[in-house]
């Protein structure tokens, strides 16, 4: 059987990849996917803990995270589209109208 | 016993983080270092099943696709809540039923809203 | 997790205000499809909020906290007091947006529905006694405010604000979830009280993983309340978002963030106060410094108020750092006062916005006292209050926080805070100086409306009344928050 | 109790009504609101005074503003003998000046505004004197400053007035900063701000020290010096006196009420009120005495050479305030308050009378362009004479009794006091000189203005002259409540009345000594008048005849102009220039313009530097968050 710590380390690794992706990627969609990666890493650890602890709370939370992530995806894409309509770029380092 | 299975030494935490950072960064660095970079024109053209490329590779989808996709994702994912309810239907009884009807009703309001706003109309 | 047993209609009483708000929001969504006049939608929104307020007042003052849904949701004086802040916030925001959103050509019915949804999210946050519910409330609030920030679809600045807020918000949510998962894994529960119990029974208060989970949660809450260095989104988003939304966002999510920060820290991690205190103290100092100092160089008033709100978050944090019931009450008190004075200030900013005139630059305030003495006098009151000059309410807010933090033995923090308040006086009083001591460059007309006048009158009067009769508010706070959570 | 609350409340109500409805409804009837209100509060003050006279001391807390643990800030009144005297002074003079203003400000565009501010001032001043704790005192203190600032700049379209207002504001910031620190230190030391508690515990704190930058200082001395800082600013003592002469840019009733009779004496009142603290610190007392004595002579010398009629009186005010501080400094608190009280009448009279002159001359203030007004304005002339005799310390007049008491007490205190007495006696001579120089230049001789002005010369209307005459009675008779025992046993009523609060001054001297001191001051006063007479009457009225008869004197008179210029060059101008350059140049440009607008260089630079951290880039914001989190994690998990 795979020990719990492996899941936890996997989760941490995936989370970290997401974090690093967040500020190394230039494309908004890729950044968004990095965030999804982070959320899913949390799901991994939650399910692993839930199984280990034999408690359902973790899995309940996973359900909510998935649902919220979907809503978030919808809103995120909508915002990106709204942005793209007025500004011809989704390269993140060109989005700096507001600063200072 | 919860809480006992994670060694409370500091080292594993450190290792976790270093490992995580190393893998994250490492994947990028190793890729850059290892992969041969010998670009030429043919290599850079997109692969289209062996046929000569037709038109621009970056074809712009209509924004309407996104809207429909978004709506699909939202309504589709909300359905995940139906599964646990279905599984535990016996135990939840009438309370669960009413609760789920409310849930679906609220989804329905969302649906009506989207419909009336004209998000489903392709034109 | 057996919910079927023991369920009766009576047991949902504590969530009646939330249900009212949700119903109101849904009605608004449908109403928007039917009626053309957005004012109707706004009025229904206010009416729904008032009904919820009535429900809250009916529930006010139970000595014992009411819990519901297997202890996932708790209604106590603490959450009730924060609800009052949220109601005030949403009602005043609707009042100041009516004409403004028309001017911005962004008068959509969804706007009001989203305000109500966001407020519901805040209410759920303030009442959550379980991390799952807390997460849901937080996301309900956050998702609504992301859209609100981008309400002006045709304006690149609004688009950008929404974009930045969304991405950074989602990023911080991920941190929050990671923190939850660590806490859950170590304590085996997500219920705040049970977490506290587990920390004791398992004796893992010194466990670095627990601390890691706590830190991740603090990062996420710090994002919502704009603590440096998690504040970077705030100036950009505040500047780009519609001004009415800025007013809403600078108060609501901050108050909700403080509500959950207080509840999580006191209720679940009370045993780790030494640790989180030593995390929060440097954060508070950096926050006060960042807000007060960078605000000095700003020329856009919305941006300046954004930095000001960052600085205020630093002062409010002092009450949490004090770690006493009084400290908690002083933070809640500060938040209420901050809500009033900040919305008032933004209301004046909104009045300057007309078709074809942005009215966001400090220069636009030059000589305002000559052409609009009443509006200038109101702005003067709000600026004085934000500075913390007696006899305005701002002074009372600061004073109590400082007293509590001194009582808790952190005199040096109070001294630092006073120093930064003095620095902050420069940029607040600069607005006053522009209004009263400069000659107007061009004639500025004001966009007033009855609802706007109402909001201004309410905020100004409340600031002065609380400033002169602070016990009115303080007694309420102390009654609501009698002890630690 | 309601009676006592109404005393400050009535003027406040008048203020609210006038400021709200004045612009559109009340307009030029503003005095119908303000005058009855302040008169009613005068009546109530008289009644309160009677209560105190009957042995009742009122100390009531009306409303607890802030309660936090053992910290309690309340609005409460203390009406004891000291406050009662102040109440009488403030309300009586306010009433007269309000009536006077009806005539003086008639037709001014800001008529309602004027009465509103003036009422607000009276309210603030009453709060200041009636407070029973230091915080309320501080509130009144700042509020009177604010009103003064508004009223100096009342004619804000006049640049000099706006500048003067600004100058007053800035200079007072210094004093008030010290005062504020003093109040904070009092709280930290005593744990309370209530007079009663502070003064009760003063003894037990004596000898305690606090450490400032590693040096040990006596706590009480530090507190007293900080409080005195505030007094120096508000009462225009060296070196913060520069604002008061400029403050004469305000309307004359304002100069009389705020910058002569009441507000500027707040410093004196505050030091007297804090006498239980000051008594414990010899060094603080010495400082007060020296500052007072030096200011008295310093300002008097400046007054000698001024040509602006109001500036002469303004410097005279500074000088007289110096006397009061001298009295306080040598422990003769009653003498200081006594002089405050008499000074209020004769100085208000001087200002109002000069206002009457200015009014008649259509805003001409230069004395060199006046002269011979005696026959046109007999009432003004005679009240001017009475006030000047009073200020010169001529026996029988109010100023004589109070000034003489101060000089005698200074003399008695020995050592340093003896030296200060000498300065003050010399200042008495100068006082008489400049007072009568003013009269001779203004009222005697030939009119030196334009024929156009001369045609319009007239006595002022009764609404102006009646208050003058009433004040003249005060200027003459106010001193009769403090006749020294040497003339009449048990006639020093005011001294005995104030004794429960301020105590009896120490020191005894023989009758011979007392008579000698008195004689010297009378001689000084008479000599000053005489010199003025010789120098101004003789020269201008009888130039040929007397000039021939008294050739050396004539030369001396000629030299007077040289002296004028010498003073101008050596004292007045360098002082004004230096103070202008230092205080205005540095603080005006840097603080008001610099701090508020341009932002102080250091923080501003910081701010602009830090601003660039906010790059506007999403990734850098995310990075900041992660780095912040990493920093906390690294610090609290790995390093600890």
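Just so it is clear, A, B, C and D label the chains in written order, and each chain counts residues from 1 on its own.
Just so we're on the same page, a contact is a pair of C-beta atoms (placed from the backbone, for glycine too) under 8 Å apart; a residue touches a chain by one contact, two chains touch by 3 or more.
None of these values were measured; they are calculated from a predicted model.
Asks: If I count C-beta pairs in contact for every pair of chains, which pair wins?
Replies: Ranked by contacting C-beta pairs, first place goes to A-C.
Asks: Pick the chain whose C-alpha centre of mass, unweighted, sits closest to the average of all protein C-alpha coordinates shown.
Replies: Closest chain centre to the overall C-alpha centroid: C.
Asks: Rounded to the nearest whole Å, what is the centre-to-centre distance of chain A and chain D, using the mean of the C-alpha atoms as each centre?
Replies: Going by mean C-alpha positions, chain A sits 70 Å from chain D.
Asks: Taking the mean of the C-alpha atoms as each chain's centre, how many Å separate chain B from chain D?
Replies: 76
Asks: Cα centroid separation between chain A and chain B, in whole Å?
Replies: 9
Asks: Any idea how many Å lie between the Cα centroids of chain C and chain D?
Replies: It comes to 47 Å between the two C-alpha centres.
Asks: Counting only residues that touch at least two other chains, what does the list for chain B look like?
Replies: Counting only residues that touch two or more other chains, chain B contributes 2, 6, 10, 13, 17.
Asks: Can you list every residue of chain A that touches 2 or more other chains, as numbers and ranges?
Replies: In chain A, residues 8, 15, 19, 22, 24, 31, 52-53, 71, 78, 85, 95, 97-100 touch at least two other chains, as defined above.
Asks: Can you pull out the residues of chain D that are in contact with at least two other chains?
Replies: Answer for chain D, listing residues that touch two or more other chains: 611, 614, 616, 618, 620, 622, 633, 637.
Asks: Considering the complex alone, what residue numbers of chain A touch chain C?
Replies: My answer: residues 8, 11, 15, 18, 22, 28, 31-32, 35, 38-39, 41-42, 45-46, 48-49, 52-53, 55-58, 60-61, 64-65, 68, 71-72, 75-76, 78-80, 82-83, 85-87, 95, 97-100.
Asks: Touching chain B in the complex: which residues of chain A?
Replies: Where chain A meets chain B, its residues are 4-5, 8-9, 12-13, 15-17, 19-21, 24, 52-53, 63, 66-67, 69-71, 73-74, 77-78, 81, 85.
Asks: Along chain D, where are the residues that touch chain A in the complex?
Replies: 611-612, 614-620, 622-623, 626
Asks: Okay, in this complex, where on chain C does chain B touch?
Replies: Per the touch definition, chain C meets chain B at residues 2-4, 7, 26, 29-30, 33, 185-188, 198, 202, 204, 206-209, 212.
Asks: Would you mind writing out the residues of chain B in touch with chain C in their complex?
Replies: Contact set of chain B toward chain C: 1-4, 6, 8, 10, 13, 91-93, 95-96, 106, 109-110, 112-113, 116-117.
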